[in-house]
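My structure is below; once you've seen it, I'll send some questions.
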Amino acid sequence: MKEFRISMPMRYIINSLLLVAFIVAGHLITQSGLLGRAHNANIVSVGIFIILAVSLNLSTGYLGQLPLGHAGFMAIGAYAGAIFWRSGLLPSTASVPAGLLVAGLAAAVVGVIIGIPALRLKGDYLAIITLGFGEIIRVIINNLDSVTGGAGGLHGIPRHSNFLIVYLCVIICCIAIHMLMKSRHGRAILSIRENEIAAESCGINTTYYKVMAFAFSAFFAGIAGALFAGNIGLLVPGEFDFMTSINILMIVVLGGMGSMAGSVIAASILTSLPLFMAALNEYRMIIYALMLIIVMLFKPSGLLGTYDFSLSRLLEKLIRRRIAAKSKVKEGEA
Amino acid sequence: MKKRTLKVFSLVLVLVMALGLLASCANDDNSDVNEITIGILAPLTGGAAYFGESVRNGLMLYIDEFNARGGLQINPILRDEEGNMTIAVTMYNYLVDQNVTAIIGSVTSDPTRAIVPLAFEDNMPMITASATHAGVTVHPDTGQVFTNMFRSCFIDPFQGTKMADFAFEELGARTAAVLYSNEIAYSIGLMEAFIHRAETLGLEIVHIERHADHAVDFVGQLTNIAAHNPDVLFVPGYNYHVALIGPQSVTAGLTDTVLLGADGWAGSLERMEHDPSSIEGSFFMTGFTHESTEQHVLDFISRFEAEYGIPPNMFAAQAYDAAMILIAAIERTLAATDYEPDSEAFRLALIDQMSATDIQGVTGRITFDEFNNPQKTAFIIHIVDGVERFWGTF
Amino acid sequence: MRDPKIPLIPERDHNKSPVLECVGLGIDFGGLTAVDDFNITISPTEICGLIGPNGAGKTTIFNLLTKVYNPTRGSIFLEGKNTKRYNTKDVNKEGIARTFQNIRLFKNLTVLENVLVGLHNEMDYRLFGSIFRLPSYWRSERIARERALELLSIFNMQDIAEHKAGSLPYGSQRRLEIVRALATNPSILLLDEPAAGMNPAETESLMEHIGQIRDTFQIAIFLIEHDMQLVMGVCEGVAVLNYGKLIAKGTPSEIQRDPRVIEAYLGTGGQADA
Amino acid sequence: MLLVSQLINGLQLGSIYALVALGYTMVYGIIKLLNFAHGEIIMVGGYIALFSLTLGNFHPVVAALLTVAGCTLLAVILEKLTYAPLRFAPRLSLLITAIGISILLQNVAQFFFDAAPRSFPASELFPVGTVMLGNVSVAYTSLVTIVLSIVSMISLTILVQRTKLGKAMRAVSEDTEAAQLMGVNVNNVITFTFAVGAALAGIGALLFVARFPQVTPTMGAMLGLKAFVAAVLGGIGSIPGAMVGGYAVGLIEVLAVYVGLSRWTDGLVFLVLIIVLLVRPTGIMGRKLMEKV
């Protein structure tokens, strides 16, 4: 008997419908105030951290590099978006997506500029050089006070990061990365993680794909940064320090390097902890650090490993079970 | 079947109506209100926890003392914002969900500035004990005053201006240098005001140097400054900077220059307990002194010590006053109106009552100016023999 | 169904000969000469063996050919073109594919995905096409999948296409590496100890496969091997390397009789390597 | 005169960076691990020195020995507990573990000792005062720091070049498998390397708090980072490289301030690192590394 499979177009239709339903339902629920304001605010922060984690996962989990300057890209996006929005170049409806795009592109361009030299270096060197770039970006923001407001901060940024905008970006980010990974380009990125020399021997332009993954990752970090700016309405350079990069890395590692579902779940849990388990605050960083070490010692691929959730697969399984049960009943009847 | 449902339904309806009536009766007169919920936001973990804990101690001392008197009870809901703007916004919204009447917070400027625009829209009465950035109460671009937001601490420009005056008038200084951190908004605010005031006074700024927030080596900057041999060196940093800049200024040969600071210096001696000799003779401005002659201040100090085992610092004292200002305004509002304490109308009335504050706190007599900043005396502290001596008000 | 317009085995122009030529190839590692004055010519459908004692520099030659190392001296000509300016991926695009002594599979990818990585440059859709799933993506992916399965069928591996490459037994991993290399559409295939770790029966079948691959794909094969039975059974030409230098070249039977080879392998009181 | 005293200041800073950089360079040379937690070893050293002087009231020499011993012990325990089990794991796991340990130590210190900086009785450790060298006054601590760091580095070089253990260390860093075949106990050599690196970090901690009399849970982070930059700058894996790199970073920082670039100092150090890595990826004195295929 041939295994039951949902056809490709059907999968796309089911998934699209579910995403639309999720966005509409989420929008209505958050607008209704049913959950209360704290949860609404938390949901928005969760969304921003999902984008940050999923995008970092591209360069850490999929590409197998360890950039430690993700907060730097976030900062570039945040400031680019904020400056764009404050300038009021475009009318408000067009301004939001345009600002997000500007933020993403600014971060991606810097990602390429940093990536080309940095990615020539391997492993630990890449980590340290991106860490250095992150610090340089922070120092520059501090010193360009006429543009960025310096340490005094950039204030009065329009606060339009609501559920709808943030989660549309979350979905775009997740889909774009998913589509990328399930293509020849994605396989090329994975092959670099698996074995760089073998990848090169298969004719893969490893430098190109490293820079591409890096730029992609920076692009979405930039968008997350702009959403962050639009959520708080105030930017200060101190918000984008090394610890922010480490926090994002922690989400990715705990969720599972190479697992998008893992990043989403870990980002949701870790970002919500201050609201739901304030009692843990004092021990939280200790627990995180211990978890990081324990995960590396006992399950280096992270809690979810490279497992990725697929709704269609789940549906297929359920339907297959149904068919199997039916055929059993038929056999029984016969 | 149908009849019974109807019966139950009407019974429930009657009950609900009766309860509603009772409730509205109870609220006719606000003298019956015996509990008010307020929110407190402070960083209790993370890098700013030191400030957060001081502020919490001061607030809780006043609230406990007030509740112990009987009558109106204040029910505080304390939330940790970890010094993080995102968490601060979430926690602010949490407090709004809890229907608090007013909020005390937050402690440092950045999280407070992240919350203020939201609170302004909500008409949420707020007071902070320690957020000194000018933008906390006034929108820096439009100049619009956040009418709901008050504070019991000095603002950055005020301190910079005052210290320039002090150097020129009281110390007779004619040349000055500044060593500030361009990574700390507080430090920048003080530096700008100091320089601005110095220009008008004719106090010559001979050199300006900068440092990173987490810098440890200042010898380079101090050596550059020493080459200009200024009369005074203004260091608008925090106590942990002072603890390093002090000894290094000796190494750099800055022996004839008087160091000046602002309220960030509070606690410097604690940070230099093993060798405070290098900042001997320095002056700094603060909002609170232990060397008060007033009995209520001395009482506060002894009560604080009895409760927490350590003397109160400036943040704790300003927090004590912040709680006092808010709760007094709540009492006045309750007396003057009959709005429900969690209603918008009550909050608006409370904001009005807060602007009308005129209170004798442990940090001095406090009234608010049109920008909701406190009008109160500044204390100058002189470091003599390794201890803080009250030099005078200024 | 496979698109009949795209042939599985591309046409090759065999007038261009030889496929690979090394002239005076050499490399030094920090003053130590690892390979010196290495000359070889391989014709388009030749199966050539490279043998020599451990540490003779055989794998180094493969690394030089694929530009994992850059030669200190000498030139490599691939179908008449000098590869001086090429890097590893260019060399592959120009027609050299290889396997590795210590298997370098993409262990966490499936068998099929491993082959698809090999087919990377055979697919033509762009980044935009993949993110927006343009028709070019679907067409290209479908063809590549069919081709990958067909290539896997050489070693009868099409049924384990969805297995993780790392979970395969040792012999299958070696075979998968060959399939992956073939997928890049080479004109010469470098096999680094393809029979290492295989039992005699597996080696026997591998020998058959090597010949079969050459015949089907019409490509040259250059292989390093310790198993003399395999080398002598399948190779048309054999080169012997010792201490980084070529000491003999010729047909298997000539090599077996060469006194320098016997000397190199047996040495003075030494032990035969194979 | 101004420049000379600035340069002496730079040398003092550079000496501390160099000592810490040695720890990075040795560990990296031997197991190719960027030991992120190395900075935190210094922080722990700072607290040990503080408590042994204030709570323990020990003699300064005893306090110093306790500090060095404490750092060494901590490094050995960490190595055995976390790095050793990961010897054959991917490099990424090792690096993330090191970051985890770094965060853990910082936060444990913050939990127990409070985030607020603590004053360090520097005068008890080293005499306060200055000597005149020509007409430049130099603080005792500067002299002690520079001399002590040079002595430490010479002894380390002798240890690595002349002793049997040193030879084993070089062998392991050259080729771990070959060293193992030659009968070198690789595990012991790696542990020993960590121990030596941590002992140097302990000395670095003492010199650091003598110069900057303040102990905080995060004090090791920036110091460690800059020392790592120094190690990379000098050529990671090379002992003289770490010295050169350390002095270079110290002097860059001081000279940047001297020419009036004080607001860019931190950025400048990283910028120099990036430029060096791009122009000469193996650092000033590093050897070319060839990956085995």
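Per-chain residue numbering starts at 1, and chain names A, B, C and D are given in the order in which the chains are listed.
Basically, a contact is a pair of C-beta atoms (placed from the backbone, for glycine too) under 8 Å apart; a residue touches a chain by one contact, two chains touch by 3 or more.
Every value quoted in this text rests on a predicted model; they were computed, and no experiment measured them.
Geometrically, the chain at the heart of the complex, using CA-atom means, is A. Comparing the centres of all chains, each the average of its CA atoms, the largest separation from chain C belongs to B. Distance between chain centres (mean CA atoms), chain C to chain D: 47 Å. One simple way to say how far apart two chains are is to compare their mean CA positions; for chain A and chain B this gives 37 Å. Centre-to-centre spacing of chain A and chain C amounts to 39 Å, using the average Cα coordinate of each chain. Among all residues of chain A, those that touch two or more other chains are 142-143, 197, 282.
The set of chain B residues that touch two or more partner chains comprises 182. The set of chain C residues touching two or more other chains comprises 68, 100. Taken together, the chain B residues at the contact with chain A in this complex read 44-45, 79-80, 82, 84-87, 89-91, 93-94, 96-97, 110, 113-114, 117, 133, 135, 139-142, 181-185, 187-189, 213. Put simply, chain C touches chain A in their complex at residues 66, 68, 87-89, 92-93, 97-98, 100, 104-109, 113, 116-121, 123, 125, 127, 130-133, 137, 140-141, 144, 180-181, 183-184.
The touching residues of chain B, when paired with chain D in their complex, are 46-47, 49-50, 182, 209-212, 214-217, 219-221, 223-224, 227, 240, 243-244, 247, 251, 253, 270-275.
Residues 60, 64, 66, 117, 120-121, 123-125, 127-129, 131-133, 135-136, 139-140, 142-143, 197, 242, 246, 249, 253, 257, 282-283, 285-286, 288-290, 292-293, 296-297, 300 of chain A touch chain D in their complex. Listing the residues of chain D that touch chain A in their complex gives 28, 32-34, 82, 85-86, 89-97, 99-101, 103-104, 106-108, 110-111, 221, 225, 228-229, 232, 263-264, 266-267, 270-271, 273-274, 277-278, 281, 291, 293.
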